[in-house]
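Below, subunit A partners subunit B and then partners subunit C, in two separate complexes.
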Partner chain A sequence: MNQTDYLKARFEQLQQEEPGGNLAAVRSKAFSAFERMGIPTVRNEEWKYTRISGLFNKEYTLAADIAALSSNDLTTYQLPAHEEANVLVFVNGIFAEQHSVIRSAGISIQLLELAAKNEYAPIVAAHFDHSSSYVNDGINALNTALLHGGIFVHVAKNKVIEHPVYIYHISDARNTPVLAQPRSLVYLSENTQLQLAETYITIGGSGSFTNQVMEVVVEKDAQLSYYKIQNDSADASQVNTTHIRQTGTSVVNVVTISLNGGIVRNNLHAVMEASHAEAHLYGLYFQQGNSHIDNHTVVDNVVPHCQSNELYKGILDNNATGVFNGKIFVRKDAQKTNAFQSNKNVLLSDAASVNTKPQLEIYADDVKCSHGCTVGSLDEEGLFYLQSRGIPYKAAIALLLQGFAMDILEKIRLEPIRAYVTELIAQRLTAESI
Partner chain B sequence: MDEKLSNIEQTVLSDYKYGFVTEIESEEAPKGLDESTIRFISAKKNEPEWMLEWRLKAYRQWLKMEEPAWANIQYPPIDYQDIIYYSAPKKKATIESLDEIDPELRRTFEKLGISLEEQKRLSGVAVDAVIDSVSIATTFKDQLAEQGIIFCSMSEAIQHHPELIRKYLGSVVPVTDNYFSALNAAVFSDGSFCFIPAGVRCPMELSTYFRINAENTGQFERTLIVAEPGSYVSYLEGCTAPMRDENQLHAAVVEIVALDHAEVKYSTVQNWYPGDKEGKGGIYNFVTKRGICYDHAKISWTQVETGSSITWKYPSVILKGDHSVGEFYSVAVTNNFQQADTGTKMQHLGKHTRSRIVSKGISAGQSNNSYRGLVHVGKNAANARNYSQCDSLLLGDKCGAHTFPYIEVKNKSSVVEHEATTSKVGEDQIFYCNQRGIDTETAVALIINGFAKEVMNQLPMEFAIEAQKLLAISLEGSVG
Partner chain C sequence: MLLRIHNLQAGIEEKEILKGINLEIQPGEVHAIMGPNGSGKSTLASVLAGRQDYNVTGGSVTFNGKDLLELSPEARAAEGLFLSFQYPVEIPGLSTTNFIKTAVNEVRKYRGEEPLDAVAFLKMMKEKMALMEMDQAMLSRSLNEGFSGGEKKRNEIFQMAMLQPKLAILDETDSGLDIDAIRIVANGVNKLRSKDNAVLVITHYQRLLDYLVPDVIHVLYNGRIVKTGTKELALELEEKGYDFIKNEVNSL
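Entry: the complex of A and B
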């Protein structure tokens, strides 16, 4: 049985097991979209530089037995200060309640399939699968079609969630290659605050492929901070869609840190649907070996008076390849938009490469938009300055790179996470400078 | 302010002053395209067998290709069987001197502001005039020949310099490069050929003037410039067409070969008929332009794009040789319903190659103006350097400005920078001018000229003035 047949059988099985509800229709629609479009190839402009079709030659197992994982397996991978955090665990793409801990009042978590039927049904109906209108490809549709064990996170009105929410995605690839398809919908009601930190772990050596879709709705006066840390093993690939809708005047701060992995593709969307909303998108990628990192961001200014800032910085070593594609849309009526975007890259090796495409599409005249991008190697003069003060060549390089990364690291406002990521980078730089 | 704006918006667009039709008897190929059309063109031009073969090969490739759809432009499908692929003014024999040109034709060019006579006597610009499909006259040929420079029409070159044509034609833009270049290769009817021998600095500006005249025709010209080692040439190109309600296709190819230490400067003022205010009619300008630089060579593209209902054009430079330089300066203006998707490609292959891109887009009315550019730095292009700047200016809230820069870097010692901004003409700037007694219309023209200056400065003197006027005309009445 080839992979597509396998996925199809799985889809039919799911439709039988969990029929009814308004999600069934969305899922069927998504499945036919998947059948029509298939796995994106490099002929698709959005996938020009990222080749994932090869990943599907593997025989993945979907939703493998999640009971095999014990809580002991997890302890090794905990993020710092997890004792103080709400913890959500996905195993092989399926929400694992037994490993999850909720400490804060005001936050409720349940299966998406359930939320689609109870009092949250209107929210789910309004926002679930909104991302599909922004990524028109088979891979996003596949996640929706095979929705199973996804979660709905609801933050009640006027609640500030003190404890951050840590989300772990564990792929248990000890026996067979795993295809994980986590799905979540996060809803921040009016006047709330939420901090999210998310990380990905593959256990075992059979390889994993994570196809994640996360949709976030941010209502009026809400604040979201979202930190994504990608530091998985070299045979762990992922396609990651984070779709944020700012339906009210709100502030969103997203930092994506990509340090390792096989082929990693991040789609990050900020759809600004309310005036005076703010979005800050930051990213740092530091890749070695044969890894491939692809950041596709979309900032869609639908209404006037919105502001967005975007800064992505990348360091590429060995045979690593980096892709950045930043789109800023300013719709017809979105006057007084301020949108800024910048992408800076450092290449440390001649075998490394970067493809960047900062893109503006502007349909309103009273706007301030700019984008810029640079690719280069480290500043010779800076290196010379440090060396002239007795700092060895390699240590000087490490120091400069640390400074380069600092711009992004300081945007992480969750102290333990910032310290953790800073340490990861420092370790790597020390290893490089030896 | 609002009331004032609407007043200004009511100001009627000045008419396209090149929109007249000249009544010249012309000889046309039957409508439609198949192998017999190509044989007809080839026979008309009395071409050798190898040329016909080359065309047929291109045609067969073209049949297998698909029209590109990736550009940010919209147009109804083109019926390639509804186009006349060859149209030539009838009374043409081989012309020895300018006096032999059809007086009607000569008047046409005078109307266009290119008096062939006058050019000959005064300005020191050698002109090759192409109307519809054929080259009408080339001036200053003899003087140029003294230095060994060949400047003639493509059909003449095929007759008299077959060895050069066989060597270089299609060497930069291969037959199968893209849909429109394949079509051009199959049916091109004329164009200019220019050859500068080693070490010669061309003493005057060379210029080609293109004019579409006949109805329902497509114009497919092909220009080839070969600059031998150490030579220099500056080349100008201008184009106009009559006002017609239906769209006409223009699919040209320009190839430049700059051998070691040669320098070629290519300037275009493109002013094809842009269609009327409702977006009816106008020229589809689907052009492939590319140059190749060998060691220490330099190619510089400068373009002022004000016409055409649709522009699809990416003058590119392949920086093959070490220390070669590529430049691209562009001002693209769109108004009413015009669409432009234009930019450049800089392929850095050699070591120490440098490129510079300055693109200024101005959109007004309901037009869309896109910059699409590629900077590619190959694995072996050590110390490559690129700087790109693309700025957009929006006049009015119904137009769009877009940038699609592609940057691909595969070498760590290279430095690539890209910057882009989008802005509008500030009310404070206009107020400042008004305060000093400059009316709004003039103020906007002033600001736009300042915006485009960096590019305009690159144009040769004769062209710069014309281009500046053109800019003002294209945007008249669109102040917002």
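Entry: the complex of A and C
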């Protein structure tokens, strides 16, 4: 069976077994969209520098059964302070309740298929699949079409969730290549606070492809901090779509750290639908080998007086390649928008490269928007300065690069996670053979 | 002999900048180098510190019995050479504290010593901070980033005080400083002085020399040391400007 037939059979099976209320119709529409558009190729302007079609030459297995993974398999991969966190585990893209723990009052978790039918149905109906209007490709549609084992996370009104929520995505590729399609809808009610930290782990050597879609709704006076750590193996690729709607005046802080993986494409959207909303989008990528990192961001200012701040910094070594594409839309009514964007890159080898492109579409006249990008090599003056104080060449490079990364790391306000990422980078720098 | 420069020639790309420098410094001495802009003073300092952009095309440099030109910049520092940069470099994201701690411990490692423990390091840092009239806030900021000219120069001498070099080369550390800052810098340098170490100060002004009281003054012009004298030479230069030197040289 070829890959397309395999996916189609799976779609038809799901439609029969898990109609999921209104979701059946959404899934059906999405499958048509997938059939129409297919896996994006480099002919699609949004995918010009990121070639994922080749990944689909593999015979992936979509998980139906996730029992094979034991809790023991998981302990090795725990993030620091795991014991105090709320834990959500996805195995091969499917929510694994047996591995998950909810400690905090005020959060409830359930399968999306259920939420679509119970008291949360109106929320699901209003927000599920909102991301598809911002990405025009078959890969997003594929996630929706094959929705299975996705979750709805609800934070109840006025709840400050003190314990962070750790989300683990495990791909169990010990036997076959895995196609994982995690899906979630996270809803922060009015006056809530939530901190998320998310990480990706592929076990086994058969390779994985993760096609994730996470939709988040942030209501009035809510605060979301979201830390994504991508440090999976070189044969683990992903397309990672995070679509955030700020439906109320709220603050969103997202930090995406990409340290390893095969081909990694991130779509991060902040749709600012309420005045005085604030979005802070930060990214740090440090790639080696033949890895490829692509960050596509969208900040959509729909109403007046929103503020966004975007800073992405990258270090690329060996043959690693990077892409940054930052879209800022300022709609006609979005006067007094204040949008800042910057992308800075350091290339450590001649073979490394980056394509960076700001894309501003401004339809209001009274706005402040600024953007800038730089691509350079290591600061030779700085290097000599450090060496002249007795710091050896390699250590001096490590200090310079750590310094470069610092203002992003500082944006991680969850101390154990910041320490963890800082240490990952320090280890990488010590091992670095520049 | 602490430093012996013999017929040093160096340049950048095709350009010849140093055209045969001879200079000897004994422990305990203070030497000053003066001379018009573009003469090669900073080039000399950079070549001594090990900047790779410059090609040494001839001559030799012995520092503390070792062939200096064979050593990496970090080894030169660890051997006890310090350059206070004319233009200190800004390093974003690296605090002065973290930087100097790394430097101190790397130098100790080179010498086969244990790293300083946190208490000893803090004590030393507090002492040198007080000497240079710097505060903790300044040391917590990114190295030199957004520092005023005076703050950068004070930070250079602070680093010198922390590293306690055998030879400190000060490249126009006094330029652009107000009188208070010059006094602080001079104090810092004088604190370091002992019978075992030496200072090579590059300057245009008498004011710093009033504090440091050099034993020898050299005039560098067009890549050569064209005149060497006692501290009175500096007064003469201050009074007459560099023209009389230029005329003397050019009429030869």
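Everything that follows uses one rule, which is that the second predicted complex is superposed on the first by the 430 of 434 C-alpha atoms of A that agree within 3 Å, B and C clash if a C-alpha of one lies under 4 Å from a C-alpha of the other, contacts with A are read in each partner's own complex, and residues count from 1 in each chain.
The rule is short, and it goes like this: a residue touches a chain if its C-beta (ideal position, glycine included) is under 8 Å from a C-beta of that chain, and two chains touch if they have at least 3 such contacts.
All of these numbers come straight from a predicted model, not from anything done at the bench.
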Next on the checklist: Is A:41 touching anything from subunit B or subunit C once the two structures are fitted on A? First, second, both or neither.
Outcome noted: neither
Next on the checklist: In the overlaid three-chain picture, which partner chain does A:358 touch, first (subunit B) or second (subunit C), both, or neither?
Outcome noted: first
Checklist entry - With the two structures laid over each other on chain A, which partner does A:98 touch: subunit B (first), subunit C (second), both, or neither? => result neither
Next on the checklist: Output check: A:399 vs subunit B and subunit C. Expected answer is one of first, second, both, neither. What do you get?
Outcome noted: second
Checklist entry - Looking at the overlay, does A:407 come into contact with subunit B only (first), subunit C only (second), both, or neither? => result second
Checklist entry - Which partner reaches more residues of subunit A, subunit B or subunit C? => result B
Next on the checklist: One more residue to check, A:350. First (subunit B), second (subunit C), both or neither?
Outcome noted: first
Next on the checklist: Under the stated touch criterion, which partner chain does A:381 make contact with: subunit B (first), subunit C (second), both, or neither?
Outcome noted: second
Checklist entry - Once the shared chain is lined up, is A:390 touching subunit B (first), subunit C (second), both, or neither of them? => result second
Checklist entry - Just which bits of subunit A does subunit B share with subunit C as contact spots? => result none
Next on the checklist: So in the complex, the part of subunit A that touches subunit B is made up of which residues?
Outcome noted: 45, 332, 335, 345, 347-350, 352-377
Checklist entry - Contact residues on subunit A for subunit C in the complex? => result 379, 381-382, 384-393, 395-396, 399-400, 402-407
Item to check | Interfacial residue positions of subunit B with respect to subunit A in the complex | outcome: 70, 377, 379, 392, 394-424, 480
Checklist entry - subunit A touches which residues of subunit C in the complex? => result 49-52, 72-74, 76-78, 82-83, 85, 88-94, 98-100, 102-104, 106-107, 110, 142, 159, 163
